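For reference, the structures are reproduced in the following blocks.
In the two assemblies presented below, chain A is common to both, partnered first by chain B and then by chain C.
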Partner chain A sequence: MNRLRRTMMYVPGNNPGKLQSAGIYGADSIIFDLEDAVAVTEKDAARDLVASAVRDIRYPCEVAVRINHISTPFGHDDLRCILEAKPDMIRLPKAEYPEEIKVIADLIGRAEAKYGYPAGSIKMMASIESAQGLVNACAIAKADPRMAAIALGGEDFIADLNTTRSADGAELAYARSQIVVAARVAKIHAIDSVSTILNDDEAFLREARMIKQLGFDGKSCVHPRQVELMHKVYTPTAKEVAQARRILDGIKLALERKSGVIAVDGKMVDGPIITRAERIIAYAAVVGMNKEDADE
Partner chain B sequence: MAVIRRVAQAGTVESSDIMITLSPVEAGSGIEIELESPVLRQFGRQIRKVLETALQEAGVAAAKVYANDKGALDCTIRARLKTALNRALEEEVKA
Partner chain C sequence: MSNEAKRNLPDFIEGYGPVKPYRGPFATAPSGRRSGGKIALDVPHSEKLLRSIDQAIEAVGLQDGMTISFHHHFRSGDHVPGLVLAAIARKGIRNLTLAPSSLHENSDILIPLLEQGVVTAIQTSGGRGEVGRYITHGRLAKPTIFRSHGGRPRALASGELVVDVAFLGAPTCDIYGNINGVHGKSACGSLGYAMVDAAHADKVVAITDNLVQQPIFPISIPQDQVDFIVEVDSIGDPAKIATKVLRFTTDPRELLIAQRAAAVMEHSGLFQDGFSFQLGGGGASMAVARYIKEKMLAHKISGGFGLGGIGGVFAQMMEEGLFRMAFDAQSFDLAAVESLKKNPNHLEISASQYANPHTKGPLVNRLDMVFLGATEVDVDFNVNGLTDSNGMVMGASGGQSDTAAGAKLTVVCAPLLRGRLPIVRERVHTVVTPGETVDVIVTDYGVAVNPRRQDILARLKDSPLEVMAIEDLQRKALELTGVPDSVPVSDKIVGVVEYRDGTVIDVIRRPE
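Up next, the complex of A and B:
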């Protein structure tokens, strides 16, 4: 585990003030949006502005750019302009077929060679926003080694299902699980849809805990406030870290003594529990929780 | 050499942005820049330099530039000028 994507925060691409301050909110990734957040008449201006910001501003986090789909009149122009500036990642909206990923991955590869960037240094992710995309989610996730994450675009997906958003999100349950499964098969990150809950922290936290429980690695965010709340949910507790350490210490001791099955805190420890403990320790290390924190 | 044949604009008057309007002038009359900015005294010279350099790099030798700055960074000024230039230089769509 070397990069977290707990929060991928959208920033409108044609707003210089927001582009300037995008790095200060602590999101693991920022996504400069050239798609839905930009009026059709300002697509050219937004891509010039985003390219210039990516080139000149040093951001403390991963920088992704959501391009317009390559089937629109803007997608290829977006890629031509943005790739020269070398973002960390290109996010494709409304992905439906693995062939779309391959086309973009090929263009990225050519740009890396043309501008002398290391091969494979610009990653990709795609968001699934339709029933067709969901059916192909696994193939999309595995379409190219550049793929680092797959996301759910909830609002468009719900519209495609002919339904509406509810408080408990039942209409997204199948898609969310399917996206996580596709991500796990491809060994990439699973990113949940944005939440439109901005003024109710408890409701947002409930959703965040639920998607974490489903297996998501993070969430697309639309407001800086959501970043702090997401990180709160995704940071392991000191108790969890301490327990994980006891499990791994117990396993180490058992191996030294050449004993078989062991128990920690009165529970049998087997393969999946060890895997989970290792994940918690790796996560704690990435978020900077040292041993003293865990011992508190 | 790039010749500006029509008026084009990019940017807004929102905070941190700059609105740039390019207009054609007679060949050989050079670059004329009219700049408004709340930080004119401190950064006026720097903003003009960014505009002049970007026009020079684009091969534009003659143009009138009206820039209404609202505290834009250099990268924003360059981006807005690039967009205005592309809009000024793009082919007219024939009916």
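Up next, the complex of A and C:
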């Protein structure tokens, strides 16, 4: 686990001030948006602005660019302009078929060769925003080795289902689970939809805990406050870390003694528990909770 | 000659006089006696109430070349300077020195009076808008003297600033001249800055729109300091004197800075029961209160006192038992005015009690920590709050240098960049607060600790805060903006920035 994507924060591509300061809020990734946040009349200006930000500013996090879909008049222009500046990742909205991923992956590969960037250094992610996309989620997630994450685009998806957003998000339950399954099959990150909750920390935290429980690795965010709250939810507690360490120590001891059955805190430890403990320790190391673990 | 803040100064400034260079925050020991207003005789049953401002101007004997003062408690809702100066102009009086405690955005109304020569010199805390530009362009006959909120009462008490007539807006005044700021339609709360004018000016005229029978309670300025009273229809616009309650900023960048500043406090070693603090103006430093409150509740720590400008947010914290006392030299909003009126633990103090360095006990000396804003800071930790990056007067000295000198921990909150301008500079354009009194700079890109404070540095290194050298912060800023050209200035000195002890810490030269 060498990169976290707990938070992927959208930054409108047409706002120079926000582009400049995008890195200060501690998001794991920032996504410069050329799609929904930018009016049709502003597309070309935003594209140039984002390209220069990506090229000239050293951000302390992963830098992704959400391009317009390649079926629109803007998608290919976005790629032409942005790839030269070498973002870390291209995010495709409204993905429906794996072929779309292959087309973009191919363009990225050519750009890497043309500009002398290491092959495979520009990653991809796609967001599922329709029933058609969800049916193909697994194929989309596995479409190309560049794919690093698959996300849910909740608002468009809900519209496509002919329903509306509710407080408990029942209408997204199936899609959320499906996206997590697709991500796990492809061994990439699962990223939840943006939340429209801006002024109610408790409600946002409930949603964050719920999607963590579903298995998501992170969430697209629209406000710095959401970044902070997400990280709070996704940071393992000291108790969880201590317990995970006891489990791994128990395993080590059992292996040394060649003992068959392993029990920690009076409970039998088996494969899934060990996997979970290893994940917690690795996570704690990445977020800097245990400096000694990170050094090991 | 060069002073302790490494600024080159002439020995003598035309229109100011000989220059005493700044030598360090407490290097200048005062001598001499306190100076006060002229002694007076009040004949029994004589009448202080006059019919008009015109009559008051005659009664006090205002003449060409004198110095007059106003307070700035009515902020941008102030009608008093406009009324008084219009009357003075009508009488043909010229060449006055204007010495208000500060100048607000609405001071643009002064421009015609400056142009007509009614006012030809200014001594104050800061300048904004058109007046700031007028000063910077060198259009006044003398350089403007900028003093801190503590430096002004010191200059009044030492006799360096002699006010011939103070015209004091009085939200409530009785017929014998007792004044308070908590009652009346123009209530502004504390009259802390006006108190020192009343105590030191030769003549004091109260101008009120709420004249009442004697006596009133409370009394902020007593009758024995007031010569005359004039009743007018309106001394200010209540909506602009005090807003309902100053809201926290919602700007995520300012909130981020505020959050980090509160974390600095949390890990400073000073966050203990009974701690005291002050918040300066500016979005980020004001917002620190919100996070301090969270941390006080989380750690179950209760504070001693809050000082300086007091807002409703602090008043609320006091009501909730988080702080014991408020010392209020200036009330920021209506909620604070109400609190001052009702809460016996909310005390009104004069600017002298607040910050005058040459008394036996300014309250700033008891501060644990202060959070200040800035227009620029530099790698020597010098702070500018008076001029912008183009050398234009657009802010104020305020209580910045006073609190920085007094507090155990001085935290300056500023964004690394404003628009295309780097805020952490090689050298600030104007030094208002010397770096040796500034401990921590908090920006949106990281936190820097003054190397003089190895104790704080050690503590913050053990915290989750990202601590870096100030030079690294500067480098980050320049990476984004490039190196800006320096502002070319002429030899003409348009402003003299006095340190709180009356020495000169910097001068403002007219940009070319």
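Simple rule for what comes next: the second predicted complex is superposed on the first by the 290 of 296 C-alpha atoms of A that agree within 3 Å, B and C clash if a C-alpha of one lies under 4 Å from a C-alpha of the other, contacts with A are read in each partner's own complex, and residues count from 1 in each chain.
As a convention for this text, contacts are C-beta pairs under 8 Å (C-beta built on N, C-alpha and C of every residue); 3 or more make two chains touch, one makes a residue touch a chain.
Worth saying up front: this structure is predicted, and the values here are computed from it rather than measured.
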**Request:** Applying the touch criterion given at the start, work out whether A:Tyr25 contacts chain B, chain C, both or neither, answering first, second, both or neither.
**Result:** second
**Prompt:** Looking at the overlay, what does A:Gly250 touch: chain B (first), chain C (second), both, or neither?
**Reply:** neither
**Prompt:** Is A:Gly109 in contact with chain B, with chain C, with both, or with neither (first, second, both, neither)?
**Reply:** neither
**Request:** Pick one for A:Ile57: touches chain B only (first), chain C only (second), both, or neither.
**Result:** both
**Request:** Tell me which partner A:Asn15 touches in the superposition: chain B (first), chain C (second), both or neither.
**Result:** first
**Larger contact residue set on chain A - chain B or chain C** = B
**Request:** Could you say whether A:Arg225 touches chain B, chain C, both of them, or neither, answering first, second, both or neither?
**Result:** second
**Message:** Residues of chain A that sit at the chain B interface in one complex and at the chain C interface in the other, please.
**Reply:** 17, 20, 57
**Item:** Touching residues on chain A, where the partner in the complex is chain C
**Value:** 17, 20-21, 24-25, 57-58, 223-225
**Request:** Name, in rising order, each residue of chain B that touches chain A in their complex.
**Result:** 10-11, 14-17, 72-76, 78-80, 82-83, 86-87
**Message:** For a test of understanding, state which residues of chain A touch chain B in their complex under the given definition.
**Reply:** 15-17, 19-20, 44-45, 48-49, 51-53, 55-57
**Asked** Can you name the residues of chain C that touch chain A in the complex?
**Response** 252-253, 255-256, 417, 419, 444-445, 479-480
